[in-house]
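Reading through the structure tokens given below for one structure.
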Amino acid sequence: MLDLSTTTAKVVFIGIALLIGFFLFFPVYWTLASSLKADAELYQITPTPWPKAPTLDHYRTALTEGQLPKLLGNSLLVSISSATFNATLATYAGYSFAKYRYFGRKPVMMFMLSAQMFPFGLLLITIYPMFVEWNLLDTRLGLILSYIVFALPVATYMIYSYFSQVPNELIEAARADGASDLRIFHTIVLPISIPPIVTVFLYSFMWSWNDLLYSLTLIVSDEKRTVAPGLLLTYLNETNADWGGAMAASLMAATPVVLGFMFLQRFFIQGVTAGAVK
Amino acid sequence: MSSDATSLPDGTEFRPSPHARRGGLKAGDARFGVMLLLPALLAFGLIVLSPFIQALAMSFYKYTISTPEPVFVGLKNYGKLLSDPTVRASFVTTAIYVFFTTSFSITLGLAWAIILNEPFKGRTAIRGLSLIPWIMPATVSAFIYGWIFNSRYGLLNAIGKELGLIEYPVAWLADPTGAMVAVVMTKVWLSIPLFMSFFLAGLQSMDREQIEAARVDGAGNWHVLKDHIFPHLRPVFLVVVVLGMIGNLQQFDSIYAMTGGGPVRATSVLSVEVYRRAFEQWDIGMAATVGVLWVATILPPAYFYLRQLMKGAE
Amino acid sequence: MKHLKTGLVSAIAALAVTAGAVQAETVEFMNWVSAEETGKEKMTAMADSFKEATGNEVDLQGYAWGDMNKNYVLRARSKTLPNVGQSQGRLLPIIAGIPEMQDFNEIFGKDKLAEMFPASFLAAGEIDGKQLGLPWIGGTIGWVANQEVLDAAGITEMPETVEEFKAALIQVRDNVPNSVPLGLATKNHNSIVLDYITWLWTFGGDVMVDGKPAVNSPEAVAALSFLTDAVSERLAAPEIDRPDARRLFAQGATAFYLDAPLARTFARKFSGRDMEIDPAVKPIKAPVLNAGDDPVSVSWGHLIVAFGDEAPAADSPAMQWVMHLLSNEQLVGYAVNQSVLPTTNAALESEEVKADTYLTEWAAATVAPRRNTIASMEKGAEVSAVIGEEFQAAILGQKTAEEAANDMQSRLEGVLAE
């Protein structure tokens, strides 16, 4: 969309691109480089710009002692489940908000969205005893449910604003053919709404994937620990500061998700295009 | 929607009849609508609303480690908090944090989206790789930046010394401004991908012919941006500002992992404050009070903003 | 409603207990050792050997050290306390109010315990006449010196007075490039408090005098000024937490720092040299203000605590586990491995412990340890936060030592007035 035929435009464009690119990617490079350095090289006052004697030691340790595969498995399981759950609830609710008119619709929607500003830490104080009563403490199910706090309202809003743009005629035409509302939703509306649903799924996924606060508190046993608290407990805590290990484990933890996102990115952008922002 | 043709997400066009209505379907099926909403509402009520109301109530109680059962104290917690200068400072710190993180991540996200919207070799790969900061758990981002800012082995000091800018290593995270810069940078870094995606999506739905027409009329890059691209992205801005502010207000992990709210209290934003009062000092009543004040401060402007947003979407 | 809920929960809990009693029992042991790299293996081995010996399982519930008390309190409020837990000695008073805490005197009898442990260790677990914690491993928080760093700096005699200590620090700074001579904790409130009170005591002050804060006494101001100067003269650095100090020490960049006897285990790990570094890790007496003063140290130790609605029988699986942990076969190896003193008479008498010169030197260097009274105050966390913040403000140059001490004093008065 820009006209880059003049030298000035080109210079400005490339200059800004390099600057932002550096800001975005350099930390990633530095993580990679640090993770490949042995401790002796890592803890130098003047760091080497790239690993002089690259070693996979930190990766090996992370996979064996650091229990990374287990942490990763737990995180993926919990995040995918909670994202699915969130996306499902949000899809129905968003459709309801967009296409039906009933008493209290707007206030409820507004209230749900404003709830996103309730301090998460505050909610945790009361969620904890509640989960104990429901026998949900230290269960993956509990953690999955608790992630509703993070993403459901915004997810609902995103999908709502998409559905608002789906023309009523599409639905009313099907109604005229005698299809029930539920059937119309499932067979006509849903199939054309995959990208925004994927978007909402990914948005919810990221909240769960990132969470430290809830997981650290609601998960008690080692076998169910997720990535963020696992990394913190293993690598940087009261007794330990293992930067190389932390870097290696972080990269490995991020890899499967990066790959998954690259695959889904097309949907994501399409979904955002169709949905929240039109 | 401005054009009369609606583009469905699968690419097909749907041309509404002249008497097409926006908004809800014909009446008579409200009950079905409520049914669709019910599961989400139930989950919301149980996991968000009810804990919130309980927490709200807690702000009227003294509930500390020495009181196994909450004791009703009325408005005492509020009085105590409002006269506590450290809490006022936390509000200011939060405002600074939210303002800088939101404005920088939006500006940079937009710029990056505009760049990645231009055709060039390897664009797809770069778009994909750009998501990495977002995918790194926030804790990890804190590790990475903590490592770069590290006073002893950090890259920043090494470069500074190499260039002769500093004589002795600087403990950035031990400096109030340095620590704030570090936590803001971390959050901006991990927010850019999300905002970039939103803006990119907005840009892709732009009418290219309109821009070409403007070009023919002699509009330069700046005019195209100012008169066509930015106005087109207005709804995106609205959404992104809300998402950004919510996310930044709630941000806890990366700050807590990086500075723990320090040095002194320089990065003690409200989320950290609530956590520390609740889970370090065991003063649940006070933690709840800080939380309630937070909600009270943020809700009025949020309400008007959300209403605006709602209007835009309908 | 509240009662109904509690009733329901305890009914479920009771059911769970009865159901569990049919088969081999599982003892829940909440601890931080199994959450840490340095202790995970050892802890699992102890659980395995327990299973072999008794047929009962141990469920190791590992939490981060810093999260322990948070979890005890949360679990007490939700009635899901484990059978047995680990507690930091100085933090015991914080959880002492939990009604389910059991008195080991009732379980094993006062006499038996008095026979098993030296009185000084036993005292660390006693609160208001109740033996709420059994000593597990013990020692003090004292000074460690890195002999290699001292050699490199040309220091031939261990400093004994504060003056000599400072001279040594300067010598290290000037002769060892890029060093942080004093591994002073400057980042994390809880770590700062330990360093702060050690210095406060060294200068003859205390946090509380006659039940009132006294952190702006001339002694306290002198201590804070000393530390502030140390940072501004680059003898110590900002942004250092205990783990950072440990790493700097292990890498030969720090000459002195305060730690528990575990210091050697960390030095082995962080230096990558394992036992080769042992000769360099020297426990030393704390520097004294005037020659002839008593060197200070802070008592330190890990305790075992038990929870339940009533006192468990001495031969219950949970108590069997406690005794298993304290048996010579388990305790001696564990303590030596962690470079700490075991707490039972039998283990202290064992050849392995006696042969460990580091441990005996440590014990000799830190006589007459005093209790850290801050951490165990009811408002300990708030008090620690105030001390940590004002301490930071001083060493970062935001306030003079005197201003910080005055602010600390008035804030503490405010916190404690309620």
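A, B and C are the chain letters, set down in written order, and residue numbers restart from 1 in every chain.
The rule we apply is simple: contacts are C-beta pairs under 8 Å (C-beta built on N, C-alpha and C of every residue); 3 or more make two chains touch, one makes a residue touch a chain.
Since the structure is predicted, the reported quantities are computational estimates derived from the model, not experimental observations.
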Category of the chain touch graph - line, ring, star, complete, other: complete
More contacts between chains, A-C or A-B: A-B
Geometric centre distance via CA averages, subunit C-subunit A, whole Å: 38
Cα-centroid distance, subunit A relative to subunit B, in whole angstrom: 13
Multi-partner residues of subunit B (at least 2 other chains): 152, 279
Where subunit A touches two or more other chains at once, by residue number: 43, 45, 217, 232, 236
Subunit C residues counted as touching two or more neighbouring chains: 70, 77, 244
Residues of subunit C touching subunit A in the complex: 5, 8-9, 12, 34-38, 59-67, 70-71, 74, 77-80, 178, 241-244, 246-247, 251, 266, 272
Contact set on subunit A toward subunit C in their complex: 39-40, 43, 45, 65, 128-129, 132-133, 135, 137, 216-217, 220-222, 232-234, 236-242
Contacting residues of subunit A [partner subunit B, same complex]: 1-4, 9, 13, 16-17, 20-21, 23-25, 27-28, 30-31, 34, 42-47, 88-90, 92-93, 95-103, 105-106, 108-110, 112-127, 130, 145-146, 148-149, 152-154, 156-157, 160-162, 164-172, 181-182, 185, 192-196, 206, 209-213, 217, 227-229, 231-232, 235-236, 243, 246-247, 250, 253-254, 257-258, 261-262, 265, 268-274, 276-278
Touch list for subunit B against partner subunit A, complex: 1, 6, 8-10, 14, 16-17, 20-27, 29-37, 39-41, 43-44, 47-52, 54-55, 58, 108, 111-112, 114-115, 117-118, 126-141, 143-145, 147-148, 150, 152-153, 155, 158, 161-162, 169, 189, 192, 194, 197-198, 200-206, 208, 211, 215, 220-221, 224-225, 229, 235-236, 239-240, 243, 246, 249-250, 252-253, 256-257, 270-271, 274-275, 278-279, 284, 287-288, 290-291, 294-295, 298-299, 302-303, 306-307, 309-310, 313-314
Touch list for subunit B against partner subunit C, complex: 64-66, 68, 151-152, 168, 171-176, 260, 262-265, 276, 279-283
